[in-house]
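Paired with subunit B in one complex and with subunit C in the other, subunit A is shared by the two complexes that follow.
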Partner chain A sequence: MSATATRARRRVRLGSTAIVYLALLGVIVVGAVLVGSVGRNFFSDGNIRDILTGMSVLGFVAVGQTLVILTGSLDLSVPYVVSLSSLLAAETMRGNPANIAQGVLLALGVAALIGLGNGLIVTKLRVNGFIATLGVGLIVKGYLDTVYKGSAGSVPREFQLIGATGLGPVPVSTIIMLAVAALVFLFLRRTRTGHHIYAVGGSVDVARLSGLHTARPVIVAHVLCSVTAALAGLLLASRLGVGSPTVGSQGGYDLLSIAAVVLGGTVLAGGRGTIWGTIGGVAIFAVLDSVMSVMQVNPFLKDVVRGVVIVAAVAVYTGRALERRRPRFGAKGFHTTRSDSGPGPSAGPGLDPAEAAR
Partner chain B sequence: MSESSGPILSAAGLSKSFFGVTVLKGVGLELYPGEVHGLVGENGAGKSTLMKIIAGVYSRDDGTLELAGEPVEFTHPLQAMRAGVATVFQEFNLLPERSVAENVFLGREPRSRGFVDTRAMARQTAALLAELGIGFIDPDSRVSSLSVAEQQIVEITKALSFDARVISMDEPTAALADNEVELLYGIIGRLKARGVAILYVSHRLKEIFDLCDTITVLKDGALVSSGPASGLGTDELVRRMVGRSISTYFPRALPGTVVGEPVVAVRGGGNHYVTDIDLDLRAGEVVGIAGLQGSGRTELAEAFFGAVPFSRGELVLGGERMPLRSPRAAVRAGVALITEDRKAQGLALGQSVRDNALLVIRSVFPGRTRAARRSVPGVLSSLEISSRGLDQEVQYLSGGNQQKVVLAKWLATKPRVVILDEPTRGIDVGAKVAVYTLMRELARDGVAILMISSELPEVIGMSDRILVMRDGRLEAELDAGSSEESVLAAATGTLTDTRGEAVL
Partner chain C sequence: MSTPAATRQTSRLASAALALLSPRGAVFLLLAILLVAVTLLNPNFAEPGQFIRFVQRVAPVAIVATGQYFVIVCGEFDLSMGSLITAQVVIAGNLVGQDESRSVPVLALMVVFGAAVGLVNGLITTMLRVPSFIVTLGMMLALLGGVLFWTGGAATGNPADGFRQIGRGGIRDVPVVDIIPWSVIILAAVLAFAIWFSRRPFGRTLVAVGDNVTTARFAGARVWWVKTAAFVISSLSATVAGVLLVGYAGVHPSVGRGYEFIAITAVVLGGVVLGGGRGWVVSAVAGAFALETLFTLLNVAGVPSTLRDAIQGAIIILAVAYSAAAFRSRRRVRTAHASPAEEKVPAGDASG
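What follows is the complex of A and B.
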């Protein structure tokens, strides 16, 4: 393979994360114009605060969901973990600032156990992630519905500040969420387990043949996903002042988080995707929501818009992924690969990746 | 124990059978450090099985394997890798979405202070690549952006990172262009200089003679000979490999077969993958297509079948211009395609034999379902499918019986044109003969047949006319009974050198 041909083939192609942020930019521009058209300022402190606040809860859940999806699994139990952790925290704190640490640790610990359960069911019992977490989610939901008839517990003022304060227009909760995202980014990039999450999601066989414990990354991803869902629950408890058994399911965090991850360019089958893509996906949803609120769009129409965005995004990614088999000839029969590789046989037998992949 | 003079790997009396069929009978060979050991034989001679036993993919039924004088028992490929026995398979074990360095060090990522040291990983990968004399692969580039040849280099680099003392290569040049083969030669030279023992499996005799110090010949699962390459000529080697005449294997045209008018004619056909296709398929004629992997053979079949239609030129079927824009249109027009990958493209594995046999009829000609349903048992029994009944799921059938179900599915449509892409891949000899016989019967009944095959004896033994594809074009048309050398010369574009490239 001559160097020129190699270079030509690696011509810069926008990564999926770059596309997500371009789309975000587009949504912001269109949103700003629309908001401006009704005489409001999209870039006002208040509006920016609304958007960033809207990002934080879904952001926590989606960051965890990204990990799980990268391994090729799914987590449908997140909304119930969100609700459960809000209740555990609020009931443990009982309005007393001295109990804050205890409440937070209990909520995170229980969530980690649920995640461990999810991970073990997926890896050891070999139940598909979709079903395993659906089942565990129902179990948690059943517990919540049996034990709680409504909101319970209360969180102290000090804890409520987390959800209420901000640095300028940037809410503290959003900063924490982004910090968690940054940690997860480092985890994926700089730890073996992080690398192995991609490997297991990319191909279990290759991972096994390379000597990986293929269960471990999946279990770790599930645990971390439940823990970030619990962080979302803690944030909601801080905003509401109480724990609520329905706050998670009302938010629709299961499907919305999966949608945000996929919108962020992560492949649902696993093995490919980034945390920052997911954050971009979450931001697109937050901007859309904010614009539609300002425009006072009918709530049912909101879901229509969200749905269109998700389907369109995946259609775009799939279209790109399908062009695996490179054309050998152009529309009029001219050789497309000859021009940049010279008359050598480098465009000849064997360079067809689709053929070789079979 | 003196490692310097003794073999690094020695196998003796290796035997293996699958489902009662012996595929390897008491085979032994010895690999020495710094030596390239060629392993040759026809398809089905047992080369792959032998390699996989050495790699720890299969466990042997009998025999011994010693690494540096110590008996070893590999039950997992990783065990073999760790012991220094690496294998570069034709199907790569790489993660396409990850970088070169991440693939090379997968599972053994270098760390400093508990964190993966991505820079050290890239540096060490670059160093390994440099040892192979490769400067043009960026350790940070994604594997999916690399060519097949470059991916193969990544596999070799991964083997090297395990400090492999033995590297087996399964048809490493099968998918490479000429200049890439040169590159591989260079890499093998460097591996030799490092004292690595190389087991080199190839069909291309020129490479075997260029590279190998020792040559082992297998035939029908048994050892024919194992000895130094010097003094062994091409003719002698081919004789040892073949040892059986082709005509006993391939049935002749049946009496009453008449080559008639063209059923399909393509003029100037082309799309993104093939071009300048001028081809007539006549009733009663078997046309064979040869060519290297990636030469556009499968794409040609897909164009005829409307899966990736011709975008240029003209296709005339049964006297009418017919653009065949989709497989559905092709099936309606009487074209059938037996795809090369029957599990992925030919069968619904979880469905019954009957449902698979009726698949096309039900979806394209629902009105004929009732009649077809009655005829299915007869078609299946005439093909001698052995199954536990029509309700058995096809995934539990052997490869040969699965292929017969695919054939039954298409016979039910009463096609005028039958295209077979690698029709005998991965099936036993008995089933192969059944497929050949069926082709002859179809030809007698006036069906036009296009057969694509990588096995040259098959192309030569079955075809009335042989077309050779190269680089998306029909490179040459040869008569029935042409030599393998001439077919291969056309396929590789080395018409001048007809001696070296005998392929079986």
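What follows is the complex of A and C.
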């Protein structure tokens, strides 16, 4: 018993992000073998480019989603923000390179306002993040369906290059995505608001008693999440050449981004997680997708595989995350042991601590 | 307990009046307003025959909301209900076919399949400690993908008429309402069962687990079993809704799409708190009715169908904001001058 416990604890020292990247490595190895078995090269330039391209859109959305989940909220409105920003940008640009800056700024600005709305509804009206963003998403969807009948606007060639060019096998879009991720990483690590995001997500009550304005980090996280969703929309507009009212919901970015964030080791209830873990989670999805395309897996079976992988990966991960907390209670660990049942820390993602405290 | 009976009587009446403004009661007020509004715009709606048809249409949603209520009140989510409905509908379509004699075995298979899905959801959530949001999200992807793979993504034929009668038929030649659809009877049975179940010790434990897992565990509740049972109930309710929808809507891979979000919306509209521990199953069902009445109202009022989503979104946010505000003010009043004995009773007391 004690031997296994020590071993488990030592292995767990790796930290959550390291485990995510180990899982990614495992997926890559298995994928390379599978791809090799059908006579293709997993590490060819073309394949690497496909995987990295696949990462970029979901990466943008998931980076923002990470911030929101860290505060203990959720954002289900992202797919509609993605569609809206692609349309706003494409319509403003109307094929004219001179309008690129305007289009980008308009899309980002509107998205920031939507995020602000989300944040205010969650913090000031005290509506659970799940419901608030579901509602805001429906409102934006209603606007999209009413105003747009189909694809609209057009994007100038110069803007399309962002989605099409690459440095060697690395697409520019992925580089931008990683740069945004790095900025968000610095934001979380170096700024006061960044630390407050973790504090509020860990426990709203403790954060408030420590003298934080608990609303501000949540609002900032929601605004940034919508802005990164808009970046994803801009990238999609650049790839498609037009804006589309359905591009976001077809991608299923709401649930997939949440899945990627959790796959990356961020706790759904908030307060723990890293940006690089999320990028790892996104990469796992991208590798999986690429391998399944090369293997010509039936598109419906892909969803089955995705579903199983999400649950399996998170199951492997949560066991360890719980273990990591143990040493806090003393050198040997407090014997509440794992045999007791029920997911204490895994309570609903939208758990409102104020309600739960009672 | 020393309070005189008379004082108690008045306070009962006062609390009954207050209950209509409480989050649990507010949904009935909302429902009444919506029903009156629909009736004003379309007087036919209030005719018994029309109304019973309306209830028939709402029945699957209300049944799904009942199942979702049990999961939400114990602090979890079930996102797999919509896909499970689709799966059950396709199973019924493919396996019953035109052979009516297969109805009963296939029905049994569907129940077993539904229970198995709930069991898997529940055991992975409780034993492997994966957040239910993720478990049921994975189940949603896997079930839908599996069903579409099985059918090749195309619609399959409807099952035999006898099977479809469950969803579309009923007791005919009833005096006032002309027909009492089976689905209305099933809804009434499900609701009665749900109320009875909520009042049982097991139902109370469910709410206690949602309120505070640690306390419930210390009080001796088998948390894993309680939560797993909630998931099984939820999946079985999706199965029942699936059987009704086969009759009502026919077999198509898009039947059931979005039901998980509609169910969660309905439950939340009924004042049930996401995260668990607070709510009443009748309010959840009333939430489903309020939601469907709202859709009917928008339909009757000639609102463009594309705007319906936007209005739905705004109403959900407002309703939940209202219930959050009401809970806070109530709590403030209670902590000010209520004895601990009058503190929250889990479920079933809002009727006054």
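In the analysis below, the second predicted complex is superposed on the first by the 308 of 358 C-alpha atoms of A that agree within 3 Å, B and C clash if a C-alpha of one lies under 4 Å from a C-alpha of the other, contacts with A are read in each partner's own complex, and residues count from 1 in each chain.
The rule is simple: a residue touches a chain if its C-beta (ideal position, glycine included) is under 8 Å from a C-beta of that chain, and two chains touch if they have at least 3 such contacts.
Just so you know, these numbers come straight off a predicted model, no measurement behind them.
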Inset, instruction - Check the residue A:Gly211 against both partner chains and state whether it touches subunit B (first), subunit C (second), both, or neither. - result: first
Legend entry - Touching partner for A:Gly202 - first (subunit B), second (subunit C), both, neither: first
Legend entry - Where subunit A meets both subunit C and subunit B, residue numbers: 344, 346-352, 355-356, 358
Inset, instruction - Write out the stretch or stretches of subunit C touching subunit A in their complex. - result: 72, 75-77, 79, 124-135, 137-146, 148-149, 153, 209, 211-214, 217, 222-225, 227, 261, 264-265, 268, 273-278, 304, 306-314, 316-317, 320-321, 324-325, 327-328, 331
Inset, instruction - Give every residue of subunit B touching subunit A within the complex, in rising order. - result: 77-78, 81-82, 93-98, 102, 106-109, 111, 114-116, 118, 136, 141, 145, 147-150, 174-180, 183, 270-276, 291-296, 298, 311-312, 340-341, 470-472, 491-493
Inset, instruction - Can you check the complex and tell me which residues of subunit A touch subunit C? - result: 121, 125-128, 130-132, 134-143, 145-146, 255, 258-259, 262, 268-269, 298, 300-308, 310-311, 314-315, 318-319, 322, 340-344, 346-352, 355-356, 358
Legend entry - subunit A residues within the subunit B interface of the complex: 1-3, 6, 9-10, 189-192, 194-196, 198-199, 202-203, 205-212, 271-272, 325, 327-333, 344-353, 355-356, 358
